[in-house]
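Following are the structures in question.
One chain, subunit A, appears in both complexes that follow, with subunit B as partner in the first and subunit C in the second.
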Partner chain A sequence: MEPERTERRTLVVEFTQKADSRAAVLIEGVSKWFGTFQALDKVSLNVAVGERLVICGPSGSGKSTLIRCVNQLETHDEGRIVVSGAELRPGMRGLAEVRRDVGMVFQQFNLFPHLSVLDNCTLALRRARKIPKDAANQIAMEKLERVHIAEQAKKYPRQLSGGQQQRVAIARALCMKPKIMLFDEPTSALDPEMVKEVLDVMTALAKEGMTMICVTHEMGFAREVADRVVFMDKGAIIEEAAPQKFFGNPEHDRTKQFLKQLLH
Partner chain B sequence: MSFDLAFAVEIIPRVLEGIGNTILVGILSFIGATLLGFLWEMLRRSNRWVRPIVQFLVDAIRSTPALVQIYFLFFVLPYYGVVLPAILVGIFGLSFYYSGYISEVFKAGIEAVPAGQSEAALSLGLNRWDTVMYVVAPQMLRNIAAPLGAYSIGILKSTPLLAVIAVPEMLGSAFDVASDTYRYAEPMFIAGVLFLLLALIAAFLVGTLERRLGLLGTSH
Partner chain C sequence: MSFIEIVLGILQGADVTAEVTFFGLLYAVPFAVLAGVLQHFSTGAARWAITALIEFWRSTSVIVLLYVFYYSLPAFGIELSAVAVGAMVLGLNAGAYSSQSVRAALQSLDRGQCEAGLALGLNRFAVLRWIELPQALRKMIPTFVNEAIQLIKGTALVSLITLTDMTFRAKQIAQSTYDPVAIYSGLLLCYLMVCYPVTLLGRHLERSTGKLGERVNEL
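And now, the complex of A and B:
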């Protein structure tokens, strides 16, 4: 047992040192249980700076759990997660600082209903980054323009369509100038005609070089944007390939089966 | 001895002597109970070592009669050298008693705010305090306005309990009139009507507040 363990240690240390320069996110043997149910089973995954990763897999396979571990909305029980050089631990100090570098977009948008679109965007700038109101508004308007929704800045979330709300949610995350963006099925709750406007914003973001981890089943988006596609099943990563290979010639039966279902 | 309306009207000023204290005790106890209740709920949420202790405290508060708590404070505090005017002890007592219930109002109000709200706030890098103050609490207010309003009336109706530690308030004034005149129907009737009036005013204020909170977020 012992020698093997030391060996793993040194390997991990090397990874961590590299992490500062190359890896935006480093996930090493991460497991997670909900009670007795194992949601993640020794998942290892590195995401390089500037890389666009798409995660797909059947419902309940642990996709959300995995990316929620990256900003510690879920804590992992085993293994290591390093984000921008900082190792994440349960109850760690400085977690809020790490989270400011990691933007997250949710399936249900999760805009703050009691705040205007503009205030949704400036809240964290003002409270967490301590930026004065005028400067925060300016940053927010910039980001809202980027997602083509600046003219709605004074409205409240419930006055917007789903697609508009999701674009606001993206702008809100971008305001913090994150180094990494996490997307958890950002278009699944949208009416079909609104999916494109959100994907277009995400594609533009990818072209600008943002590091992105996207849980999505939008094949077109994955083909066009992803550097790598990861397939998860039962809490584990079972296939990992460039999009051409992944969609054209997947190796595992489980992946083939899943892709077939997706096309129907 | 039939009900004498003229007499009832005549004694209104004397019963009203106590209304100032009733309102004062009612309002201050409501504020105290709300602040304490909020504190209990925040402590319950703070960490897993504090939670069971505070939960026990809240359960204990809710499982003991208000009178026992008021007597306890009144007779026990002086042993420890804390001698306070009876009215202050009464305000503390009612605040304490109702804080147990109001902490549950906060709990339910917070739980009714979808988890995604605080997740979004935390993922933006807000700390826990800012997440509660700027994201959860404003949305919680809408959920708690009605039950909190009900407790404000409950507290108002409990102010006569302070008679046991000789705090002069409206029911006490009514009793004074009764023992001076040997007539009970009229003073009790007047006290009842005045309590009803106060409750109606409180309900009106709560309703107004609720409407304003309900409008929050729908217009600019």
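And now, the complex of A and C:
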């Protein structure tokens, strides 16, 4: 296994040098510790503009930590992360500007309960991008229509179902016109009958060419929209492949075992 | 003097009670919010300093503070009016108590709220201003109302630094009529008449916190 990984890392470096300007996200040798627990172990990964990436793996494998590093909700201890040409460093200036280009959708939705659906969507437009109220409302309504929930704009999050809340959260992120969207297990907290409405919105987004990194166990979604599937375990990337190969003919035993458990 | 006359006589001091309460709240609310927020965010020496300030106002006797600020400060050339001293001491004392509720309310918010704000590209201050504080302060409405009632009742102490509030009026009347039973039960009734509506208001706010919050938080 060791020589293989070294080889892949060299390949990644070459790719990096060639594609530096075209890469949406560039992750090189990133490690991260929580106390003595190593959450990420020299992870390298590149995401091209317009690419749809699905990350899967058992819980505790570091997949959430990895995408949370991409918008620095977690800081990395080692390695390099470049997002839309800007290298991310702990305590850097201009981090808020980088984050405006990176939308994130959380497992627990994290809508603001004290604000209406519309105000949830316009908050960052008005307070971060300083867009006037009317213009911000117009952008928000556009995005809410896109996720088929415009008629609920005046309601409060607690009045909506989980699936509706998650669609609002997607609209909220889209309002900032992000270049990259991160999805951190967006359907894991949903009742089964609400998963589809959220996946439909994500699929539509993918078809429009949005750069997406999705941590998810929805293998149907991965098969349909992913350009590449990445499998992580114990803080490291074990395998990455196009979905057809990943599901049809995985190389590693650990991947096979994981997929078998997932598909029963 | 009839009981009605006594009560009306005491209520002549209601304006001073109201004045000290009003200015006391002007000290209490900003101090509570500022101190609570600073204590929540600061670390190290800054946190030690803000905690010391809070504890100074929280862990000292209000009556001693009134005497110190009213009678001792003039010796150092600082002369403050009795209303100014009363409002400041009572207000900062109530504010120091409430600051702990502000801090606790901020700490009890889900971490995901702050993360969602940061992920949208808001800076830390904007997250506090638009996401955390509105939610924390809404949670705190019952506590604030409680502290306001405590403040009203606490104003009785300003009669000790020469202010003609309701308690001072009662003592004046007591000196001229020698009818302590009627006078002090009248005084009791007066405080009840002032405080109970505030309690009712608090209960109403608590019940409609959601609605109030929604109105307060409209962008």
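Please note the rule applied: the second predicted complex is superposed on the first by the 244 of 264 C-alpha atoms of A that agree within 3 Å, B and C clash if a C-alpha of one lies under 4 Å from a C-alpha of the other, contacts with A are read in each partner's own complex, and residues count from 1 in each chain.
FYI, a residue touches a chain if its C-beta (ideal position, glycine included) is under 8 Å from a C-beta of that chain, and two chains touch if they have at least 3 such contacts.
Everything numeric in this text was worked out from a predicted model, so none of it was measured.
The superposed arrangement places subunit B and subunit C in clashing positions on subunit A. By the touch criterion stated above, A:R100 is placed in contact with subunit B and with subunit C alike.
In the superposition on chain A, contact of A:K133 is made with subunit C only, not with subunit B. In the superposition on chain A, contact is made by A:T122 with subunit C only, not with subunit B.
In the superposition on chain A, A:I67 contacts neither subunit B nor subunit C.
Of the two partner chains placed by the overlay, only subunit B lies in contact with A:K154; subunit C stays clear of it. Once the two complexes are laid over each other on the shared chain, residue contacts for A:M176 go to subunit B and to subunit C alike. Shared interface residues of subunit A (contacting subunit B in one complex, subunit C in the other): 71, 73, 96-97, 99-100, 102-104, 106, 108, 110-116, 123-124, 127-129, 156, 172-173, 176. Residue ranges of subunit C in contact with subunit A, taken from their complex: 110, 112-113, 115-123, 126, 130-131, 134-135, 138, 213-214, 217-219.
The touching residues of subunit A, counted against subunit C in their complex, run 71, 73, 96-104, 106, 108, 110-116, 119, 122-124, 126-129, 133, 156, 172-173, 176. On subunit B, the positions that touch subunit A within their shared complex are 114, 116-117, 119-127, 130, 134-135, 138-139, 216-220. Contacts from subunit A toward subunit B in the complex involve residues 71, 73, 96-97, 99-100, 102-104, 106, 108, 110-116, 123-124, 127-129, 154, 156, 158, 169, 172-173, 176.
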